[in-house]
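For reference, chains read A, B, C, D, E and F in written order, and residue numbers begin at 1 within each chain.
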Amino acid sequence: MAECVECGADVALHDDLEAGEIIDCGTCGVELEVIDVNPPVLDRAPELEEDWGE
Amino acid sequence: MAECVECGADVALHDDLEAGEIIDCGTCGVELEVIDVNPPVLDRAPELEEDWGE
Amino acid sequence: MATATDAETDTSAETLSATVIGASGFTGGELLRLLAGHPNFELAQATSREYANKTLGSVHPNLRGSDLRFSEPSDLESVDVLFAATPHGVSMEHIDSFREAADTVVDLSADFRLDTEAEYDEWYDGHSCPEYLDEAVYALPELTREELPGADLIAAGGCNATATLLGLSPLFDAGILFGSEQVVVDVKVGSSEGGASPSKASSHVERSGIVRPYAPTGHRHEAEIEGILGTSVSFSAHAVDMVRGASATCHVFPDSPVSKGDLWKAYREAYEDESFVRLVAGGGGVYRYPEPKAVAGTNYAEVGFELDPTNKRIVVFSAIDNLMKGSAGQAVHAANLALGFEETAGLEFEGLHPVGSP
Amino acid sequence: MATATDAETDTSAETLSATVIGASGFTGGELLRLLAGHPNFELAQATSREYANKTLGSVHPNLRGSDLRFSEPSDLESVDVLFAATPHGVSMEHIDSFREAADTVVDLSADFRLDTEAEYDEWYDGHSCPEYLDEAVYALPELTREELPGADLIAAGGCNATATLLGLSPLFDAGILFGSEQVVVDVKVGSSEGGASPSKASSHVERSGIVRPYAPTGHRHEAEIEGILGTSVSFSAHAVDMVRGASATCHVFPDSPVSKGDLWKAYREAYEDESFVRLVAGGGGVYRYPEPKAVAGTNYAEVGFELDPTNKRIVVFSAIDNLMKGSAGQAVHAANLALGFEETAGLEFEGLHPVGSP
Amino acid sequence: MATATDAETDTSAETLSATVIGASGFTGGELLRLLAGHPNFELAQATSREYANKTLGSVHPNLRGSDLRFSEPSDLESVDVLFAATPHGVSMEHIDSFREAADTVVDLSADFRLDTEAEYDEWYDGHSCPEYLDEAVYALPELTREELPGADLIAAGGCNATATLLGLSPLFDAGILFGSEQVVVDVKVGSSEGGASPSKASSHVERSGIVRPYAPTGHRHEAEIEGILGTSVSFSAHAVDMVRGASATCHVFPDSPVSKGDLWKAYREAYEDESFVRLVAGGGGVYRYPEPKAVAGTNYAEVGFELDPTNKRIVVFSAIDNLMKGSAGQAVHAANLALGFEETAGLEFEGLHPVGSP
Amino acid sequence: MATATDAETDTSAETLSATVIGASGFTGGELLRLLAGHPNFELAQATSREYANKTLGSVHPNLRGSDLRFSEPSDLESVDVLFAATPHGVSMEHIDSFREAADTVVDLSADFRLDTEAEYDEWYDGHSCPEYLDEAVYALPELTREELPGADLIAAGGCNATATLLGLSPLFDAGILFGSEQVVVDVKVGSSEGGASPSKASSHVERSGIVRPYAPTGHRHEAEIEGILGTSVSFSAHAVDMVRGASATCHVFPDSPVSKGDLWKAYREAYEDESFVRLVAGGGGVYRYPEPKAVAGTNYAEVGFELDPTNKRIVVFSAIDNLMKGSAGQAVHAANLALGFEETAGLEFEGLHPVGSP
């Protein structure tokens, strides 16, 4: 478990978590980068400036 | 000018035509490969089995 | 009075009989579908004047499996619950016979949503039985849950009002807005909001592909919103090319600066225990904000927000299916709470993906 | 009689006055648009009973620039040409007053398309003035061009018949089909084929996203097709989600084997000098076969084909805009030929890309 | 061997674990939705290479409530049932690891649908493990029900083949067709048939409003249809503007005259005990024939017909949701039968009305 | 310098050669269409890297009649006018070669729309040749007409900015707004705004039927709007289900009360002499307010408004075709003014009715 930096919700983490992995917060959906694993530290993943709608 | 192998229409060719180039027939739209340039010889370009509709 | 929990315990295995008035219409048809899948209701009557004696499936192809036929609204049997899904004015005219026929009446029209006769004079053409307005409970369960258990005259909240109120009320509850601020509500709705009667404007030819301002100002749902929020809003509605769906974008300007964290706190506090509200605000993928088609056919509301750093604006998005969370689903949800059933009974459908323009 | 070429020379600078009956409808509105952009016509009257005295733009927003107002169909002025865009039965009832008002009458309905009263008895409900059937010229210019110059009662070919006939007739002309073969015609059409009167089935809600068999068998256009081809076809029509467009897929089974080259020869011979037919058969890119949206708003027909090696089937595709090549465009095209104008006058619009669902 | 009835008795309360390969795709997402609502399945893994570690809801917004995350397809756990929803070629490559991971494998691709290697050489690019073709059971339960109980390699029938076969097979079973007749199959399909990878042709801009012949001849589903019917058909497919849905119109010409009564008899005999087939042929109202949007989201097939008196043609209509009866629903239906569960378990959703273009 | 009137006199019969860079894209294709119908332009080159040597019709089916083929953008011939319809960043990179190839350059991207390098640093990723920013003329002819004659580097105004500015600027010009008021701009756009490259979010499946907030805050067009209006706006954009079209709804709150008459006066003063602006505000019929589909394919903007008596809000509506008035049409309009051609040359198409979702 770790706290989402965007919305504050708990984020469930899988067992074989690795630093550098990108996961998304189940509550707010933001993409989080695993900075450290023991203890787990998450940060907002660098935003891909993709043109996702238009 | 060359004749389209698919539909028989005349195909206008540009000046700096090169062997291996792919052009389309203005009448039937089929893709034609330039096999030879002097005189120009065209053949059906190998079909990309792309899923163009579904 | 029994608490909701007691009621639930008592009634979970119970089956009540139900009638739908206006069952050939859009929200009426949706009620038929929901009641058919509801563990605690058995459909007794479905009324239609135009299709009386025809099978339900002759109007609603998804009900082709049903053996029931429409009956005349003048022939009401005694049932436990009556849902009225009729145009504005019909319920107030027939309310006495509805209440005679059923212990609990859930009305989907605007006839019992406002508090006072004066409001009906202002926004509608008056009211023919204002004596019931006090008794009627406005049902938007996320905001009025505690008044519902035991209620026997229920006015299900309107579609555009529901979308708007779900978006805005957490900001008021959290003290981010107070009521003196400018609140702009820009709504986009699907064609099923217009009901089943055909017209030129609602024909496929004329209504396809549009962005049509259809209630630029003075929309009657303003009354409802104001009634609940206690403050007026600047409301405009646009018809767009979808059949189900209402989406509200609220632009608000808080007096004091807020952070993204403040917003998450306000919305999570408001909705984290709610079964039918999903917060969707940013994140990745194709569906980053509330989207009507993501909730089509379901009783969910999606609510989200974004903060505009340059001018202290908050933009709040909210999306529902007007025939579900905006009417029939809300009515069943309210009935569940009123009668002590499981809150989500009959409302479990989670929606489809991919889906086109439901 | 003057040849087309003489006529052209004589009339290119001429301006004739024109009236449109049924101008508030779909094909009538399209006629208004075409006449407004036509170098040789000046619109005198546009009739509507429902919108009499209102501006044309009040019904057709693309005509907001026009100063003309609808007039009553009972008040006809004398003009050179009268276009009738009224439902089946109206023209035959009013044909005498139409002809009194104008030298040339172009009718878009089916009232003068068939050759004999007997056919109207079989396919419709008879005919009230069969004496004109002989005189009337069926206008599908690619097939009946030579009969048009000088014609003064013109029956513009129907939309589905036009799509079908343009696809099939080269196969008959080239001796690939003879008339004894099985011919299946599977047509897909847009909602504007239904005309402007609203109904439940044509509402946006019910008609969106459909593939609805609406004339599985016995479609009246079979009569027209048979009249021209001299052989009956197995015809079924489906309504799909578009507004403009008719697309015919013909499945035919020639007795003797044909090659792709034979087909190209047949279709090029038929259409290489035609201004309004484009052959589209295979090739690359997204648009490899005839597609209604590629011709929307234009008078073009796209025609194409594919050969099924396994079973000697030819599949022919044909796409038109039902309001243009399928009615108003065809009517103007026919009038151009009848009156000796430039064949393409007023019909130069080439269409849009990209475009959604016109 | 246990009969279906025994099996049901034994397993109704059982819960099996299940994995979906290709869970980020369209049919994979549909499987996730169905398994989540299925009383006898618990989802163990949902694989995606692109979205590994992300929540299911990040791709499928209707699954936002789920806590599960996608996992890599290379990390398979042992489960009871594995559903493979991957593009053609993937299952045949990985079939050994799939069978190692699960007792029952249900494949949604075409990899195990045909009977012989020779057919894969003819219609596809050969087959890499033809030794399984004998064992694999083709699942279109209405036609192959008796082979399913106990099957452990199941190939769910393809969408267009399913629509076509459900329409035609009663005519063969009833001796109305024999196999020597001309059979034309004209199919209209929605955009979700193309799978989730984007392309220019499948973009909203280019694909809106189309009637696009995309497989005029030589469609691979012909092989499947021929495999079951024992006779070849003339098949053409058109893409139209809907997302879910496949609709087949079959034009057939029986040697001996038939009556409407013969047809009703043939179809009722075939389907009256079937849970998932609705006969819709004529009658009143807006929905008189099979219609994809009437079955969207459901596992139903609507089948209907009309008789053309003039030329002895029968027109058969058949409509399904390609992601349900045409793939994921059919796969779950087949698994239910294979494993002895209630036939309709997890497939009870009845669909929506009104609904736009789902 | 020559006045516009002189220029017109001089050049009306002139034909200039023109090149379109990015001609395989959406706005590039629209430029090809417009130039083909323009009396004063002859298309010399149309560039595409992906489709070089293919016919224009292979990408744009409405140009199937053209014999021209795409050429490489690296092979530019000398022409009179060059239109650049390339993604942001391309024009600034190639501006020197563009200007070497042509006397007049009209750029459709945002590369030369803002005034200063600082603005590009703030809203974009800087600018690679800021020395041209001073010289470049921002082209939204209704607002910047007098700067256009003789201009040789023209930056056509952006689609959403154009819709917004046409709606708002009369209120500033008439002294109804001053710049200190809250201005909310809620925009709805079609899928062609996204350009021709495919992506998951823009696929038909995911993009059909949506109301998707895609730029809730911080849209780059805010910079352009602010640059012209001199005041910032609160801007949010939503993608809705249409292909062509941008519709802006502006909610504004003037400090002093205004009347409907004041508004009519302000808008008529602003636009009564404009060829491409139609005022549409109330009235009867189906089309009472600005509507994108009423202007699809045309260079018109429809502008309208409504007054909210309860709270002194003005709601302004504005609708354009993003590929015409929002880009290619605007570019041609600007070129006409710059070069002294008839203002409406090549831009006469009036649009279609009925029409679906163009």
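One rule holds in what follows: contacts are C-beta pairs under 8 Å (C-beta built on N, C-alpha and C of every residue); 3 or more make two chains touch, one makes a residue touch a chain.
Note that this is a predicted model, so its numbers are computed, not measured.
Using the contact threshold fixed earlier, the set of chains in contact with both subunit C and subunit D is E, F.
Residue numbering at the subunit E/subunit F interface overlaps substantially, since over half of the positions present are found in both copies.
The interface with the greater number of C-beta contacts, when A-E is set against B-D, is B-D. Here the spacing of subunit A and subunit C, counted between their Cα centres, is 35 Å. Separating the centre of subunit A from that of subunit B, both taken as means of CA atoms, is a distance of 51 Å. Here the spacing of subunit C and subunit F, counted between their Cα centres, is 39 Å. Counting only residues that touch two or more partner chains, subunit D has 26, 191-192, 196, 200, 205, 208-209, 242-243, 280, 283-288, 291, 354-358.
Among all residues of subunit B, those that touch two or more other chains are 24, 29, 52.
Of all residues in subunit F, only 26, 191-192, 194, 196, 198-200, 202-205, 207-209, 243, 356-357 touch subunit E in the complex they form.
For subunit E in complex with subunit A, the touching residues are 53-55, 57-58, 67, 69. Taken together, the subunit B residues at the contact with subunit D in this complex read 6-9, 24-25, 27-31, 52.
Interface of subunit C with subunit A (complex): residues 260-261, 264-265, 268, 279-286, 288. Against subunit E, the residues of subunit C that register as touching in their complex are 26, 29, 33, 36-37, 54, 58-65, 190-192, 196, 242-244, 278, 280, 283-285, 287, 291, 294, 296-298, 323, 348-358.
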